[in-house]
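You will see two complexes here that share chain A, one where it goes with chain B and one where it goes with chain C.
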Partner chain A sequence: MFSFLGMMGAFMALPLVFAINAAFKPLDEIFLFPPRVFVRKPTLNNFVDLFTLMSNSWVPFSRYIFNTVFVTLMGIIGHVLIASAAAYPLSKHRFPGREVLFTSVVLALMFSPHVTQIPNYMIMSWIGFIDTYWALIVPAFAFPLGLYLMKQFMEQIPDAILEAAKIDGASEYRIFWTVVMPNVKPAWLTLIILLFQLLWGNHGEGFIYSEQLKSLHYALEQIIFGGFARHGVAAAVALAMMTPPILFFIFAQSRIIETMAASGMKD
Partner chain B sequence: MSNTIGQVGPEQRVHTLPRPRKPRLSQWIAIWKKHKHSYILIMPFFLIFGLFTVLPVLMSMLISFTYFNMLEFPKFIGWQNYTRLFLDDDIFLIALKNTILFAVITGPVSYFACFFFAWIINEFSPRVRAFLTLVFYAPSISGNIYFIWNLIFSGDRYGFVNGFLIKVGILLEPIQWLKEEQWIMPVLILVQLWLSLGTGFLAFIAGLQTVDRTLYEAGAVDGVRNRWQELWYITLPSMRPQLMFGAVIQITTSFAVADVSIYLAGFPSVNYAGHTIVTHLIDFGTIRFEMGYASALATILFIMMLGTNLIVQKWLRKVGD
Partner chain C sequence: MKKGMTLRRRQALLGISFIFPWLCGFVLLFAVPLLQSIRYSFSKLNILPGGGYELESVGLSNFRYAILTDATYNRLLTEAVLDMVINVPLILFFSLFCATLLNQKFRGRSVARALFFLPVILASGAIAQAELAGLINMTGSAQAAEELAESSALFDTLPFTSLLLDLNVPMVVVDYLIGAVNRIYEIITSSGVQILIFLAALQSIPSSMYEVARLEGATSYEIFWKITFPMVSPLILTNVIYTIIDSFTNSPVTETIYNTAFQSLDFGLSASMAWIYTLTVGLLLIGIGYVVSRRVFYYH
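After this line comes the complex of A and B, so read on.
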């Protein structure tokens, strides 16, 4: 059993092992043929090159970092609040229109995003979101995924807890914030992991044209496209882009497990 | 004779139900007053969702009945896009076949793998659990991973698979894994399976944390004898919401396979051997500028997912009975 898990684990961890090793390879080892997995003479040159290139950019590089961090943070905070607030009545209240609204969210997950790009662009330009942060942030508030995830977890909360809070005189908003949200902590931590990944990797393509509003991902890609000799830098970029989501993943996952060991939902 | 009585019952009830009338304005106001808090809580989400998701989807569905080259105003052509799909487009039929193959194989296997690994990992201590979750989620979090598979399935003798098989003596000549028609689909399916521990897997990990521990103790008293019975009678029924969520996610990913095919087999792949509905759609939408046709493809795919989802959700309701 353990050996099976170990083998599968090694197989699944391949991309991490490759990425870490590639980032520390000197240029001659990157083009070694046949290719090797592990680095033999590790070097920091790729990172030094990356920083030199970054300091040469036309817009200060910190601006790209700010753009990505800002969009990611705003998107996550807004989405978790708005989607959770909508998920609570959908899972626990009975009101006209509930079924239709929820079904529309699930159905929306099934429509291919490739063809909605043009209608989306048209709507963005009607309301004047083109070339602003809002084009990236506001749609993120209402991704269908988060509402669906939160609603499924909230369904498991026993009604007795909510009734008790209501008898104690708590308003619906208070119940949502102090009873429902703490009880579904694993759900919103998971949702934050997913959103972080999604928003961190955004290019802003199609909606953002001003150089000073472009994302980190976009700026780093431009460096990579600079030519053949940038392969080492590309590996460093890949590792650098991957690190924040992974660190965040580890942090959030350990929190998910801690909390539930302590609380546990009971009637 | 109890059968016939059971069948007649519901029909009679349908007839005696009063017909719902269209509510008047005063009734709308009464509804709003009664459920004010619910509507206020859902409003921000559904306003944004309606504007940036529902509206574009409806517009695309309308566009699927037009000829639209993105330069001129769309021209209404009725069902022509749809008849062309099934009657005049041989490549669509290949794409349809491959898409169904992906869905039938990677869908269920990935789904069970997600649950199985989440279930096993849940047995470990918290630290080990967080580490193992990262390891198994690695393919989904680490961005561009296809180049690894290009190395592994490289067509020369230095590709890891060819090198190994030649060394062991099974092969004499290297195989062009990603260029020979009969190998493309098996390789793509393998890589897609490797990618499968994604959103559903994380939802299951979190879902397992919310199962009430006291249920297991109660189960032991009620005569649950082994781990499998515990899984079937306690864990799975308690996790039904997450199982349904995972199923929808799995359906949407396994029917929409495209990136794997584009990065590994090329775009288009040799003789369209790795073509799927989504790669076909990308072809028409972004290269040939036939947005009406691409929208028709998206609508067909949507209907396929919808049908599958209805069936799967029906099955999931029976879990733990």
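After this line comes the complex of A and C, so read on.
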């Protein structure tokens, strides 16, 4: 079993190993055919070039970094709070319109995003979100996937725990914060990972025009498209963009520990 | 909360107060565009000189064109649906299997988990661009990699096929197995999120259950089928739906829809194509959901 896991792991790790090596290759080794996985004469030139390019950019490069980090953070916090708050009554309370609401969430999840692009843009411009951070952050708040995921997990919490809390006199807000949320910790940590992934790779194309508001991804993509001479830098960029999500993933995953949802039960 | 309200009304109000912030965003950014696209699908969208557009109602002709006249659309649609039917069970099986393995305690576990999530990370934004440029795959360009994979897969499966046929395995099963082997790359790369969801589900299972089972002398096999499987079964449905949705976002049909809208600038047609696609998959989803949810076990 574990040898299988090891094999798969090695297979999956290959692109990572290759990307790390590519970032340190001098230009002649990048274009070598047949390509080699491991670098022969490692060099930091690619990174030096990257920093030179970065310091020459029109707006200070730190601005791009700030944009992406800000949008990602705000989007994650807002989404997890709002989606879990909405998922709680959807999974644990009966009220009129519940089924309709949930069905429309699934439908919205399935719908091809390209078709709603035009109405979407018009609504954004009607609210005045175009060319602001809000155009990137607010859609992340209402993203249907999180609600869906949180609801599925909350449904697994035994009703008896909630009833016990209610009998002990806890208000609904208190139940939500001290009973429901801790019990679905694996769910929202997973959601955070997914969202980080999603928002980190966000371009904001179509909604953002000012150079000052553009994302790190956008800026770095420009570098990648700079042609053959920029190939080395592009390799460095790929590595730089890959590292934060991977580190974040490892960090968040290691915080997921077994919860007590069902173990608090004494039937 | 006012005193005079009935319990039911009070609960309804409370529920709505929790949902409200989300509902606002949802209605504004998802529901309204969705409804708008229904209108598009029944009309022809004319762009006015000087900005803006007007809608000219054309009835069902967009739908008729998409299904009956368009050269590739219905073929792509059947292909996409068939693909989905084949891929979904494979992805589910693979991701549950990996999640169970990754849930064991061993050294370097978090790194191993990250490795299995790597394809999802690689599939986004600038990294994907770099991948296309051949900086992550060894073979120079993604195109070449795909061609290589195809040719080598064809080469490999021939003896395998004849072996299975010699063993009197029915042709349908052989086809499926070969298909599975050929798709292995696709399946691995698209199960990252599913593995993650299953992992979260596995971690919600209390360890006391396993302890009791061990004390009673259950084997690992029994433990998996009697405890692990029923406990994660609600998330199997979740993952089925997620997988289907995921296969949606980058299928040839979606590409056609996009091209119809932004290259041929036929927004009405593209909206109706999207709705046909959504409805087809929606029906499929309802069918699958019905079958699966009857077997789902909730711990109460």
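Definition applied: the second predicted complex is superposed on the first by the 256 of 267 C-alpha atoms of A that agree within 3 Å, B and C clash if a C-alpha of one lies under 4 Å from a C-alpha of the other, contacts with A are read in each partner's own complex, and residues count from 1 in each chain.
The working rule: a contact is a pair of C-beta atoms (placed from the backbone, for glycine too) under 8 Å apart; a residue touches a chain by one contact, two chains touch by 3 or more.
Predicted model, so just to flag it, every value in this text is computed and none were measured.
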{"item": "Clash or fit, chain B versus chain C on superposed chain A", "value": "clash"}
{"item": "First (chain B), second (chain C), both or neither touched by A:N45", "value": "neither"}
{"item": "First (chain B), second (chain C), both or neither touched by A:P144", "value": "both"}
{"item": "Contacts of A:A85 with chain B and chain C, given as first, second, both or neither", "value": "both"}
{"item": "Touching partner for A:S57 - first (chain B), second (chain C), both, neither", "value": "neither"}
{"item": "First, second, both or neither for A:H231, with chain B first and chain C second", "value": "second"}
{"item": "Partner chain(s) touched by A:L5 [first = chain B, second = chain C, both, neither]", "value": "both"}
{"item": "Partner chain in contact with A:E221 - chain B first, chain C second, else both or neither", "value": "second"}
{"item": "Contacts of A:D159 with chain B and chain C, given as first, second, both or neither", "value": "second"}
{"item": "Doubly contacted residues of chain A, that is, touched by chain B and again by chain C", "value": "5, 8-9, 11-16, 18-19, 33, 35, 82-83, 85-86, 88-90, 93, 95-96, 101, 104-112, 114-116, 118-120, 123, 127, 138-139, 141-142, 144-145, 147-149, 152-153, 155-156, 172, 176, 184, 186-187, 189-190, 193-194, 197, 201, 238, 241-242, 245-246, 249-250, 253-254, 256-261"}
{"item": "Chain A residues within the chain B interface of the complex", "value": "5, 8-9, 11-16, 18-19, 33-35, 82-83, 85-86, 88-90, 93, 95-96, 101, 104-112, 114-116, 118-120, 122-123, 127, 138-139, 141-142, 144-145, 147-149, 151-153, 155-156, 171-173, 176, 184, 186-187, 189-190, 193-194, 197, 201, 238, 241-242, 245-246, 249-250, 253-254, 256-261, 264-266"}
{"item": "List of chain C residues in touch with chain A within their complex", "value": "11-12, 14-16, 18-19, 21-26, 28-34, 36-37, 40, 98, 101-102, 106, 110-122, 124-127, 129-131, 133, 135-140, 188, 193, 196-197, 199-201, 203-209, 234-235, 237-238, 241-242, 244-245, 248-249, 254, 257-258, 261-262, 267, 270-271, 274, 277-278, 281-282, 285, 298-300"}
{"item": "Chain C contact footprint on chain A (complex, rising order)", "value": "1-2, 4-5, 8-9, 11-16, 18-19, 22, 30, 33, 35, 37, 82-83, 85-86, 88-90, 93-96, 98, 101, 104-120, 123, 127, 138-139, 141-142, 144-145, 147-149, 152-153, 155-156, 158-160, 172, 176, 183-184, 186-187, 189-190, 193-194, 197-198, 200-203, 217, 220-221, 224-225, 231, 234-235, 237-238, 241-242, 245-246, 249-250, 253-254, 256-263"}
{"item": "Residue ranges of chain B in contact with chain A within the complex", "value": "31, 34-35, 37-39, 41-42, 44-46, 48-49, 51-57, 59-60, 63, 70, 117, 120, 126-127, 129-130, 132-145, 148, 151, 158, 163, 194, 197, 199, 202-203, 205-207, 209-210, 212-214, 238, 241-242, 244-245, 248-249, 251-252, 256, 278, 281-282, 285-286, 291, 294-295, 297-298, 301-302, 305-306, 309"}
